[in-house]
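Chain lettering (A, B, C and D) follows the sequence in which the chains are written, and residue indices restart at 1 in each chain.
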């Protein structure tokens, strides 16, 4: 990750602020506020603003339940209860805003989470940075043979080199041709004084999907957790997971009690279907179970067995 | 507006906080943070949290437009430009949270603004306060004769007294019967030790729609302005306008530049239809206009004439 | 449920339509289209329009996965897969619209589901019907002693009679006073020719929360299931569950395959937290478990035991 | 636009459906249902489903206003009234679903309209088509000199040829290298039996932004109009406008009365700010106006003069 001098100065200025407020603050999050945390080869995430903390969740819940919540003595107990029973609206009462630099193909996955506010760098107005994502060697995975959307083993040797060369050369060439069409280089200098440049909104179409873009992305605590549940999951594409993993850290610094409940009930938990429950009941009673009698597909059967570490019952 | 001692203490505690933060702050808004601003006879609004200020709008816009915004020299110029051209996403980057006490029939109007987060006091869990809205004499308006959803002249004398008595007595009686059914008084004391009370989720159905409820309501700056545009408008019901007017003040304290642009382009502005434009063009040229040739309905014609203070052209 | 002659005629007219379309249709749902299905004492739900069926879910999923879905041979297998893995967007591709008549206190719960479109009868414009909800004897439940938002045993005898009388008399009296204030009776006739009536937007505040209102409510299949999951649940208030139960029937008629997957994975399923999984693993292995070592609260422990019918392990 | 035989057959099958329904239908829209309407060089839009028509808007509005709407005699009058006064919820009661094939850089603009449902072809699961957008000669515009996001004159001659060659060659080469990395050709054939292919989710990053993707996109009538208002506007990028223009035609076929009101009040109308109103009032009275006294910026002044065709008052 390379920050321009301008960006470094902006971050320094932001971090040197010391304002007084009557609002609640999240001291651990304040420590890393505005900091550019590196992700992938040129990306970053920065927490640039937030509103509320664990006590804000509790406060809203207590307004809802009124005198009725007095019995639940601790904040932690109440937050766990809310998480377990999907009483989700109190978690909407906190808000966070990130500045993210990320490859376009990842931005396209990310944007599908609609309950968020976004301001993206516009390539209609301005020229995109000359930066594109190239996977590291250990992330250069082959297509999985049994999972249509997954990765298999790592590609090595000559083929790895070939792939990386192709990615790199194509990104570079298309970017240079982008400059040629614009008649302008990334640094703003004109290439040929006697020519006019193609409209930026057209020239951008020549860029490859690993070109980096950036945006401000703001969401509430509930929708952040919905995002992280999907994107920090092992089935998510590695490149978006790299962002989500780092955001999990910021979640922990921001709302540590909510984070703990989230990890217990959402990330580390599992869902069991109606048919799955019957199997688990039999397993507990020590009764015999079989795929045939279960009503489950083989795939579903294996997912259930894996969820409870019953590796000997997984069917190849 | 009567606050309980408990509430007064809570507000005092919140206001005595003095936290240090690297986030941007809105100094004018900080001054009234947590304060209960009275509305109607028992209602209030309190700003309980916020995120961002005018510079946050600008910051997001500059990320979008990149180097392309350098030409727009001032924050004020940029905010005006955004407002005028409905570039609305930068206004979503600020967030505000209110604690509101309001009559149920107003809450039912308010909740129709869906892009907001809400935690309302639950009458399934807890007993509602013994407080209900009664209009002041000058707000006791008759049904408008020419506007199906509007108010006409003020009702006076004996009829006014009768209406207020009916409202007061019915609210009081239904509340007392609510207590009887619950077998519990508002202060929590049991009425008859030998009886069990009706479920709160059922007993509440006996209350009248002017009973006060309360909620935490959080929204972003764009949607706050959408709310205020409709609800601070002269066509809005007086009782919700009373809240909206006060919220306009908080908007001004929070984001003064955005407030000014909002008043100029949204609140004080007008829309002119395609057909209306033709009329205005003719008026400017000094040409003759007539309802018949305009393609407008009489109502629409009058709305247009009123918008430009052409009172002599309004048709009865 | 009483329908006016006008309403009966409207329904008859709607049902006698026989239009030709190239769109997919849901034959079982067509059979009950427009029909007013009674709920509670005066309420109803009517399916008044819909878009798509099970094949629309499949069609969208196949567009997403492209050639990659060829392996999943059946529509049913694909829908189950989508449901199990929370691939929720294909379920957003179907839409349904209901006309619902319901008490206001239930409407207030219902409206909290924000991802829906609503047009409610406006008491600013028009006079509300003289109809209010009164529970039947078997639904006149006492407040639960151990669940703040639940019901306990049924109230009987004199106290039941007293409660019903209070509810009935208060609703009737407040409605009559509403008419007095409006100076207009429900049938539209003026009460006193020499008086003007109070504005409708004010008079309505005198009505009790069991007064019936009505609305058109439109949502997509995914959000309908989210609604039903919460509102057809045994913890939901009986009065909204009565609506949800009937809507489950319409779901089955509309999209039978999705319905089946929904019942298996959502309604009949359970969630197990990270800590809960450890307990279940021990139970399967026949190891000893105890509340103390589990890290669960007593309440959570009991929820887990109940989920798997381990009644002997529930702790009082 | 080239459709595969498979697609042609699917469309034929869909169009040959003749189902009977009690739902309202839009006969003009039925005529083009499922048809692939060509846009740009390889794109298309197809209306694949819809719900409701103009009468559905009216029906919902009449439920809201109750007996209060009886005075508005015609459907057309009511729809105009709703449009003029931003009573927007009745327009949410209709729904439409499109199948769209479009270049990725346009998809990225389009997706910013969040209130819609989307299922996009996934390049994690499947290989993208070998099709990319190349502008026609008359759309090969230079960057505007005075509008950061606009286009200027058309680029011609050698430079035009050079630009088109660059776009074409880069798209082709990057696609071929995509195939090489996948070790699979577009038709599904394996390139080298002794190699494994790179994961699809990685290989796709090599494609340029003018590669075509496709999706199902569903929205309600209100949000469709919000989309069209922005994207059929002369300031929208030509390539998305090409889609929006065609969608305007489908809007007209679907809900002709709403379409007419939309064109009059939204598309053909204009907004006048508070300060702008003062200028217009002076113009009507024949009073002198000047930029200096107006409080407007030069840009805003010109926008106002252009809106009312006062070309002689535009200031260079």
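The rule is short, and it goes like this: a contact is a pair of C-beta atoms (placed from the backbone, for glycine too) under 8 Å apart; a residue touches a chain by one contact, two chains touch by 3 or more.
In this text the structure is predicted, and so the values were computed from the model without any measurement.
**Student:** Touching both subunit C and subunit D: give me those chains, sorted by label.
**Tutor:** A chain counts here if it touches both subunit C and subunit D, which gives A, B.
**Student:** In contact with subunit A and with subunit B at once: which chains are those? Just list them.
**Tutor:** C, D
**Student:** Could you compare the number of C-beta pairs in contact for B-D with that for A-D and name the larger?
**Tutor:** Between the two chain pairs, A-D has more contacting C-beta pairs.
**Student:** Which integer distance in Å separates the CA centroid of subunit B from that of subunit D?
**Tutor:** The separation of the two C-alpha centroids amounts to 34 Å.
**Student:** Using mean CA coordinates as chain centres, what's the subunit A-subunit D distance in Å?
**Tutor:** Averaging C-alpha atoms per chain gives centres 29 Å apart.
**Student:** What parts of subunit B, by residue number, touch at least two of the other chains?
**Tutor:** As it turns out, subunit B has residues touching two or more other chains at 65, 68, 89, 112, 118, 122, 125-126, 148-149.
**Student:** Under the stated contact criterion, what part of subunit D meets subunit A in this complex?
**Tutor:** Residues of subunit D touching subunit A: 103-105, 108, 111-112, 114-115, 118, 122, 124-126, 133, 135, 140-144, 148-153, 155, 159, 162-163, 166-167, 170-171, 173-174, 177, 180-182, 195-202, 204-210, 237.
**Student:** Considering the complex alone, what residue numbers of subunit C touch subunit A?
**Tutor:** Those in contact with subunit A are residues 65, 68-69, 71, 77, 80, 84, 86, 89, 112, 148-149, 230, 263-265, 267-277, 280-281, 283-284, 286, 297, 299-300, 303, 307-310.
**Student:** In the complex of these two chains, what residues of subunit B are touching subunit A?
**Tutor:** 14-15, 17-25, 30, 33-34, 49-52, 56, 59-61, 63-69, 89-90, 92-93, 95, 97, 99, 117-122, 125-127, 188, 214-216, 218, 220
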